[in-house]
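Following are the structures in question.
Common to both upcoming complexes is chain A, partnered first by chain B, then by chain C.
This part shows the complex of A and B:
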C-alpha cells in the first residue's frame, strides 16, 4: 500500500508538472488578452503530433523536438493572433465571444488532425536507455523523468522571465492593469501578440512532453486537456501564472492519488467537482489573489 | 379608428401579421413534408435544431447566460425516455413529457450556478455536463445499457415521431413568442442588461432567471426524448456529445440571439448548409463546422437577424 501511495505521489508530481504547464499557458493567455482559449487542448495535442511526425518521418528524437515545437508554435501563435484577435475585439462581448470562437477553433483543429492522422491512437516508439530508473523503492520510466526535468526547467525559465526581465514584467503588468500599461507607452497589441505566441509555444512544448509521459494520444484527446487546463486555471485563480503552476502540481497529485483509491471514472468526476467547488467557494483560486481587470 | 387606445397600433399590426405569416408558412411546410414524400429525416432534424436553438436562445439571448454544457439536458431527456420505455414499459407518449420533467429537475439542481456569470458560468456548465455524462456512463448496465446503450425495440414510427417533433417545435416557438412580449420576458432582458437596476425597479431577479432557465432546459430534454424514439437507440457517446451543444450554440448565434426569428432562421440556414456540405464532403464536415463558427464570430457576431436590426433599428418593432 505504501508503495502504491509513493507511486501515486511520484506520478502525481510528474503529471502535475505537465498540468502546470498546460494551465500556465492558458492563464497567461486569459490574463493578458481576456480571451478564453477553448482550443488550448488541441494546441497541446498538435504539439504531440508534431513530435510524432518529427520522430517517425525524420527520426528526430523527442528531446530535440522540444525546441523545434517551441519555435514552430511561437510563429504559428504569432500569426494566429493577427488573424483572430483584433477582429474579435470589435464584438459586443469579446470575452464570451472568444469562448465561442475558440470553440470553433477547437472543432476545426481536431477535425484537421483527424484528416491528417486519422482517429487511431498514436504513440512515439522512442525509448531511453535504461527504460526505467529506480527512485527509492519504486521504478519510474526514464521518459517520465526526462519530461519532468524539462517541465521544471521550463517552469523556472518562465518564472525568471516573468519576474526578472522587462518584457516579462510588462506581461504581468498587462494582466494587472491593461489601461495603465498603455499609458506607460507599451504597445498592447504587440505585447498581446507576444503573449499569444508564448502561450502557443508553451502549449506545443507541453504536447511533446505529453507524448513522452502518456501512453497514447489521438485527435480528440485535446478536449480532455482543455478541461484539465480550465480546472488548473480556475484553481490557481484566473490570470495568475504562479497560481496555475502551483495548482497544476496540486491537481496532478490529487488526480493520481484519486486513481489509487477510487475507480477511474470517479477520479474524473473528482476533477470536475474540484472545478465546480472552486468556482463556488473560492472563485479567486487557492492563492486567493484576484487579478482585477 | 374610433379609439386609439383600443385599436392595436400599426406597428403591432405589422408584427402580428408577420408572425402569423411566418408561423403559417412554417406549419404548412412541415406538416406537408411526409404527405408530399419529402425527406422526413432531414426535416425531422431541422425541426429538432430549430427547437434546440430557440430554447438555447432563452438562456443566452434573453437571460444572458452561455450554458456550454447545454447537451446535459438533451442527454438526460434521451435517457429518461429510453429507460422508461425500455425498462419500465411506459408508453412513449407518457415517457416524453417525463423527459421534459427530468430536464426541469436537472435545471433545478443546476440553479445555484445562475448566480455565476460570464465565462465562470460557461465553464461550470461544461463541467456539470461532463459529470452528467460520467455518472450515466458508469451507472449499472441493467439501467443504462452500458457502452452499448439502449435499443428501444420495435417502437419506432418515423411519421408519428415526426409530427410529435413538430408539435414540440410549435409549442416551443409559441412559448418563446409569448415570452418575448410578456412581462417575464421584459424582466429577463432587463436583468440581463443590468441586474441591479432591474432589482431596483421591482424585478425579482432570482425568480425571473430561474423561469428563463427552466424554459430553456425543458425543450432540449423533450427533444432528446423524441430523438431517442425516432432513432430507436440511445448511448452516452451520442446523447452527451459536445457537438450537440456546439451545433445548438452555432445555429442560434448564426441567426441572432435575443430575437424569436433569429435562431429559427439560423437553424434553417445552417442545417441546410450542413446537409449541402455533408453530401459533398462527409469528411470535411467537422472542419467546415469549426471554420464556419470562427467566421461567424469574426464577421457576423450578431447573427443574420441581429445584423439586420442593427442596420434598421426601426424594424425592431415589426420583427418578432
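This part shows the complex of A and C:
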C-alpha cells in the first residue's frame, strides 16, 4: 500500500507538472487578452504531433523537439494573433465572442490534424536508456522523469521572466490593469501578440511533454486537455500564473492519488469535485486575490 | 505655435452605436495654464478626457496635438508626445512594488538606465514618502498615498501636459487640499494642466480657463475670473444638486 501511495505521489507530481503548464499558458492568455481559448487543448496536441513528425520523419528525439516546438509555436502564435484577435476587437462583446471563435478554431484544428494524421492513436517510439530509474523503493520511467525535469525548468524560467524582468512585469501589469498599462506607453497590441505567442509556445512544449508522459494521443485528445486547462485556471484564479502552476500540481496529485484509493473512473470525478468546491468556497482561486482592483 | 497643446474639435462620442455622450464638443487645452472642466454627473467630462487621450474613438470630429490632427492615435503614443494622464479609476498595478510601478512608466526608454534613475529620482523628489515605500506593494498603501504615486509616476517623465480626472475623488479633505495646492503649482514648473473635476469650488479656484459641460456639449467657456463673477453661472451650479461644491 505504501508503495502504491508513493507511486501515486510521484506520478501525481509528474502529471501535475504537465497540467500546470497547460493551465499557466491558458491563464496568461485569458489574463492579458481576456479571450477564452477553447482551442487550447488542440494547440497542445498539435505540439505532440509536431514531436511525432520530427521523430518519425526526421529522427529528431523528443528532447530536441522541445526547443523546436517552442520556436515554431511562438512564431505561429504571433501570426495567429494578428489573424484572429483584430476581428474580435471589432465586436461589441469580445470576451463572449472569443468563446465562439475559439470553439470554431478548436473544431478546425482537430479536423486539420485528423486530415493530416488520421484518427489512429499515435505514440512516439522513442526510449531512453535506461527505460526506468529507481526512485527510492519504486521505479519511474525515465521519459516521465525527463518530462518532469523540463516542466520544472520551464516553470522556473517562466516565473523568473514574469517576476524579475520588466517585460514580464508589464505582462502581469496588463493582467492587473489593462487600461493603465496603455497609459504607461506600452503598446497593448504588441504586448498581447507577445502573450499569445508565449502561451502558444508553452502549449507546444507541453504537447511534446505529453507525448513523453502519456501512452498515446490522437487528433481528438485536445478537448480533454482544454477541460483540464480550464479546471486548473479556475482553481488557480483567473489570470493568476502562480496560482495556475500550483493548481496544476494539486490537480495532478489529486487525480493520481484518487486512482490509488478509488476505481479509475472515479479519478476524474474527484478533479471535478475539487473544481466545484473551489468555485463554492474560494471563487477567486486557491490563492485568493489580495487586492481589489 | 498653436493656441492649444491639445484640442477636441467638434467631437462626437457614442456608446453602443447610438447613445451619444459627446455632441460636437470642442475644447482647447491652452499652454502654460490650468484649464478646468466642470459639469454635472453624466455631462461627459470623463468621456471628453478619454477621447482626448485616445481611450475612446470619436465617431465624428478630431483630436489635435499642437494643431496636428491625431484622431485615432492609440493611448500609448501620448506619453511620447509629452502628455501624461492620471485617470479617475486607480491606474496603479497593485501587486507590483511602488518602484516597479514607476519603472513601468519608463517603458518607452526601458534600456536607458541613466534616464530611468533620473525619472525615479524625480518622482521621489516630488513625493519623498514614495522613496520610503518603494519596496511596498502599491496596493498596500492608503488612498492618498496611491494618488501621490500616480501623480509622481506621471510627473517622473517630465510631461509638458498633465491631464487629471477627479484627482481628489474619495480622498480625505486634508490631503485633497494638499493635492490642489500641488496642482496649482504645476504651471510654475512649465506644466500645462487639464483638470476635470466634480469639486467645482476648488476647480474654479485654481483654474485659469473653464469649460462647463452639460449633456455632452459646451454650456460655457470662459476665463475662471469671469465665471466667478457671473451670478447666473453660480445659480447653474446650485441646480446640480447631487453635487459636491464644498470640500
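As a working rule, the second predicted complex is superposed on the first by the 289 of 293 C-alpha atoms of A that agree within 3 Å, B and C clash if a C-alpha of one lies under 4 Å from a C-alpha of the other, contacts with A are read in each partner's own complex, and residues count from 1 in each chain.
In the analysis below, a contact is a pair of C-beta atoms (placed from the backbone, for glycine too) under 8 Å apart; a residue touches a chain by one contact, two chains touch by 3 or more.
Predicted model only: the values in this text are computed from it and were never measured.
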In the overlay, answer first, second, both or neither for which of chain B and chain C A:173 touches.
second
Using the superposition on chain A described above, determine whether A:92 touches chain B (first), chain C (second), both, or neither.
both
Compare chain B and chain C by how many residues of chain A each one touches, and report the one with more.
B
First (chain B), second (chain C), both or neither: which does A:186 touch?
second
Go through the superposed model and pick first if A:149 touches only chain B, second if only chain C, both, or neither.
neither
For A:275, select first, second, both or neither according to whether it touches chain B, chain C, the two together, or no partner.
first
With both complexes superposed on chain A, which partner does A:75 reach: first (chain B), second (chain C), both or neither?
neither
Can you list the residues of chain A that meet both chain B and chain C?
92
In the complex with chain B, residue positions of chain A that touch it
36, 84, 87-88, 91-92, 95-97, 99-101, 103-112, 114-115, 223, 227, 230, 234, 263, 265-266, 268-269, 272-273, 275-276, 279-280, 283
Residue ranges of chain A touching chain C (in the complex, touch as defined)
92, 166, 169-170, 172-173, 176-177, 179-189, 290-291, 293
Touching chain A in the complex: which residues of chain B?
66, 68, 112, 116, 118-120, 122-124, 126-128, 130-131, 134-135, 137-138, 242-243, 246, 249-250, 253, 283-287, 289-294, 296-299, 301-302
List the residues on chain C that touch chain A in their complex, please.
16, 53, 55, 74-80, 84-85, 87, 89-96, 100, 103-105, 107-108, 110, 137, 139-140
